[in-house]
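Quick one: structure below, then a few questions.
Each chain gets a letter, A, B, C and D, in the order it is written, and its residues are counted from 1.
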Amino acid sequence: MSLSTSVGTSDADSITVMGRDLSKDLMGKTTLSELAFLMVQRRMPSAEETRLFDAVLVSLADHGLTPTVLAARLTYTGAPEALQGAVAAGLLGAGSVFLGVVEDTVRFLDAAGDDVEGGVARELEAGRRIPGLGHPIHKVQDPRTPRIYAIAEETGLTGVYLTRLRAVSAAHAKETGRELPINGAGVAGAALADLGFPAPLLRGFALLARTAGLLGHLAEELQSPMGMRLYREVDERAMYSHPTLRE
Amino acid sequence: MSLSTSVGTSDADSITVMGRDLSKDLMGKTTLSELAFLMVQRRMPSAEETRLFDAVLVSLADHGLTPTVLAARLTYTGAPEALQGAVAAGLLGAGSVFLGVVEDTVRFLDAAGDDVEGGVARELEAGRRIPGLGHPIHKVQDPRTPRIYAIAEETGLTGVYLTRLRAVSAAHAKETGRELPINGAGVAGAALADLGFPAPLLRGFALLARTAGLLGHLAEELQSPMGMRLYREVDERAMYSHPTLRE
Amino acid sequence: MSLSTSVGTSDADSITVMGRDLSKDLMGKTTLSELAFLMVQRRMPSAEETRLFDAVLVSLADHGLTPTVLAARLTYTGAPEALQGAVAAGLLGAGSVFLGVVEDTVRFLDAAGDDVEGGVARELEAGRRIPGLGHPIHKVQDPRTPRIYAIAEETGLTGVYLTRLRAVSAAHAKETGRELPINGAGVAGAALADLGFPAPLLRGFALLARTAGLLGHLAEELQSPMGMRLYREVDERAMYSHPTLRE
Amino acid sequence: MSLSTSVGTSDADSITVMGRDLSKDLMGKTTLSELAFLMVQRRMPSAEETRLFDAVLVSLADHGLTPTVLAARLTYTGAPEALQGAVAAGLLGAGSVFLGVVEDTVRFLDAAGDDVEGGVARELEAGRRIPGLGHPIHKVQDPRTPRIYAIAEETGLTGVYLTRLRAVSAAHAKETGRELPINGAGVAGAALADLGFPAPLLRGFALLARTAGLLGHLAEELQSPMGMRLYREVDERAMYSHPTLRE
């Protein structure tokens, strides 16, 4: 069996990452975001692409004390010596309920194609929610959305996904008479797709951004721990109700 | 119980991350690396700090088909629908054997203090290896090391850790008569410590950088899968030897 | 907010698990399998149910050097001090490709209902594989399948799922003229469903069983490590091909 | 490279696990606990060993709404489609703070050897806690402890570890004038060591037992979810304090 890779290689004197000499061509010249772009797309981003890409990553990094952040902090409480476990636990909740929207939005836009109105109508008829629309807190406007659209305009990177997502929002308003804001996860997915990233990997950039956010939370947990107190409080307040034994 | 956090908050119209307005002050203005620095250190890095920090992150992102990369690819093989699991599996091997060096180097430098020669001598007498020295492939020089030192010089950020690490290498050579190169993990740890990051979180930046690297490998796995073939080959080649049953 | 649970509680003198006194009523009287059944179904299994349940768990515990086992061993190679990480990594690949079959089989049987022939025909027309049928190694018969059916017969626990799965196999043979054995994952899913476990948790029992199997592999890894050698061999054999840079 | 394993193998007609024919010799004849013992110790346990082993596993399975259980439930909240991620997140907190005691107790007993009084005295002088003693809730007696000792007596399996642990408790009381109960984690570790399991794997049995407990909690989460409500409450109650920006 041949095991072939283009990601990288190394010898006694040099390390190669995606065809570049790591120490000469990348270190000191590229940011981590540019490297991530290079590693997935196999080309360096332009300055404009970097600006939009970083804006998307920054928008996805933190959302406060989310379930995934709490999972990471509680895991750190039990195993502070294994930071990798706390970070991993904080990523594992990045599934269908929250971060899946990043991907679902793009898959919906792919499926709808040019017939955005028809796609929205079919989805609503089927009683499904339109991915990328609506937010429990940002009910009128998600502040990330106009910012991503503005940066995409400035950089000339508004592509088919960002354009279609706006049309989706309009079609939804027309169909239902109810304005739902494009949410931050939806606009992030559309922008990443316009930057050329494939749908099955979109969630990965949310994971990358979230890792930065998790480090912020774990730094705070190290200084002023919340995990143990949260656990103790839950433990004290928990109401135990006898299971209805069926035997 | 009060649950207090400074990481972030949000209301209907705005999202705050580390005291900044996410959409106005961060998106479009900062890179993911700068955000990670801000989240952990609670201040924005200078341009010089950003340059050194990105160089360190870029140096840590990928090392080819490492055990952790193989774990991520094999996990993706079984559960491609849950990318977060593959990334998490790829982080979980970042423990004492490989990435622990980033942290161990700094802890050793902290313990040695100004008496670097004494610290090295005690460690060698105890039959232990000096963390941060030596590399199985880069036997003469790890190409990342001079690059980090050069960038630290250029940016005026050579601090006590990078300085001491060089003294450790010299003391080791003097004591043993054998030159061992400062390795990439060791120099990364020293540079991160000089940038002001605390020892218990250093591993976290390796995790952040590795997440970018893992995305590169998973993108390749998506295009030209290696996991299933690797498994099949191992399965075919595995020599089964009957356990010596002790009953 | 009330946080209500029936799983357990404790006070200074006693610990309660699912309504039972842990030290008096469970320890020394029940096996781990019986406890797992109790915790999910909220009742103790009968002796017959325990026998079938243990047979299913035992059948799922190990399948040799699978991708998930390799991921666990490779993770242990990097972080032997954090065994929980190696076990977690070994579970994270239990997704759609391999273990998902346990669940998919039951969902297919639920969807088909009494019209097994119709369900099989529709699935084949749609070009999909029937979950629970076929095995890459056990091409004629999976040895676990007749054993589970025999134990279900002996214990009087052959229910609608095991019955339907046999009908599925017959319908498939009739429709395609090709006999595919019922595989071990499929029969395990059907037996667990007949034991009363809900579809969304079926994968959980595979995880429980696999944890036992992973401990066996990690015990072997501790004695005669394979992870580091596997990595080194892959690293040596890997063919590096320059990425086609698109700039 | 030869990849050698004794864990298992399979061919077209049979599956071998630890030298036994899976379908003929194990399924229907052994419990999951017996299989776990076999896989790690490479021999079947006696009936007495099985009884003590199951008692230990059952004692470790659940401790209510612990940090690890909360991490699993919160992860399930975000990614219910990937149960393996929730279970993995629930295992990752099994580190030094809580479950490490199982292992630490045995390592301490190994280090103390026959000089239990000396070992205890040295540990107390060094200002360290004696692993295996004391419990925040079971201040007078941990109900699991006398039960494990009683079953070990009944089965004739009280070995050097259980014996020494009692001596440790007595030495501690003599030295400090303060009676601390032997806790459940400590007695579990000692019993597992007396059953012949090696220290580096002891944590693994806690993980196995906890997986059963996690399934109970996730089954409850499926029926009456707590994760989303816990998150929302934390989010609402969280007091945001502006980080002291240091620029």
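For the reader, a short list of remarks on this structure follows.
Throughout what follows, contacts are C-beta pairs under 8 Å (C-beta built on N, C-alpha and C of every residue); 3 or more make two chains touch, one makes a residue touch a chain.
Please read all numbers here as calculations on a predicted model, not as lab measurements.
In terms of the stated touch criterion, the partners common to chain A and chain D are B, C, listed by label. Comparing the residue numbers each copy contributes, chain A and chain B share more than half of them at their mutual interface.
A separation of 22 Å divides the Cα centre of chain A from that of chain B. Computed from the mean C-alpha positions, the centre of chain A lies at a distance of 30 Å from the centre of chain C.
Residue positions of chain C with contacts to 2 or more other chains are 3-9, 18, 64-65, 79-82, 84-85, 88-89, 92-95, 99, 230, 234, 238. Within the complex formed with chain D, the residues of chain C that make contact are 1, 3-15, 17-18, 22-24, 26-28, 30-33, 35-36, 38-40, 51, 54-55, 57-59, 61-65, 80, 82-85, 87-89, 91-95, 99, 137-141, 143-144, 146-148, 150-151, 198, 200-201, 203-205, 207-209, 211-213, 215-220, 222, 224, 226, 229-230, 233. Residues 2-6, 8-9, 16, 18-19, 41-44, 79, 81-82, 84-85, 88, 92, 234, 237-247 of chain D touch chain B in their complex.
Residue ranges of chain A in contact with chain D, taken from their complex: 64-68, 70-72, 74-82, 85-86, 88-89, 92-99, 227-228, 230-231, 234-235, 238.
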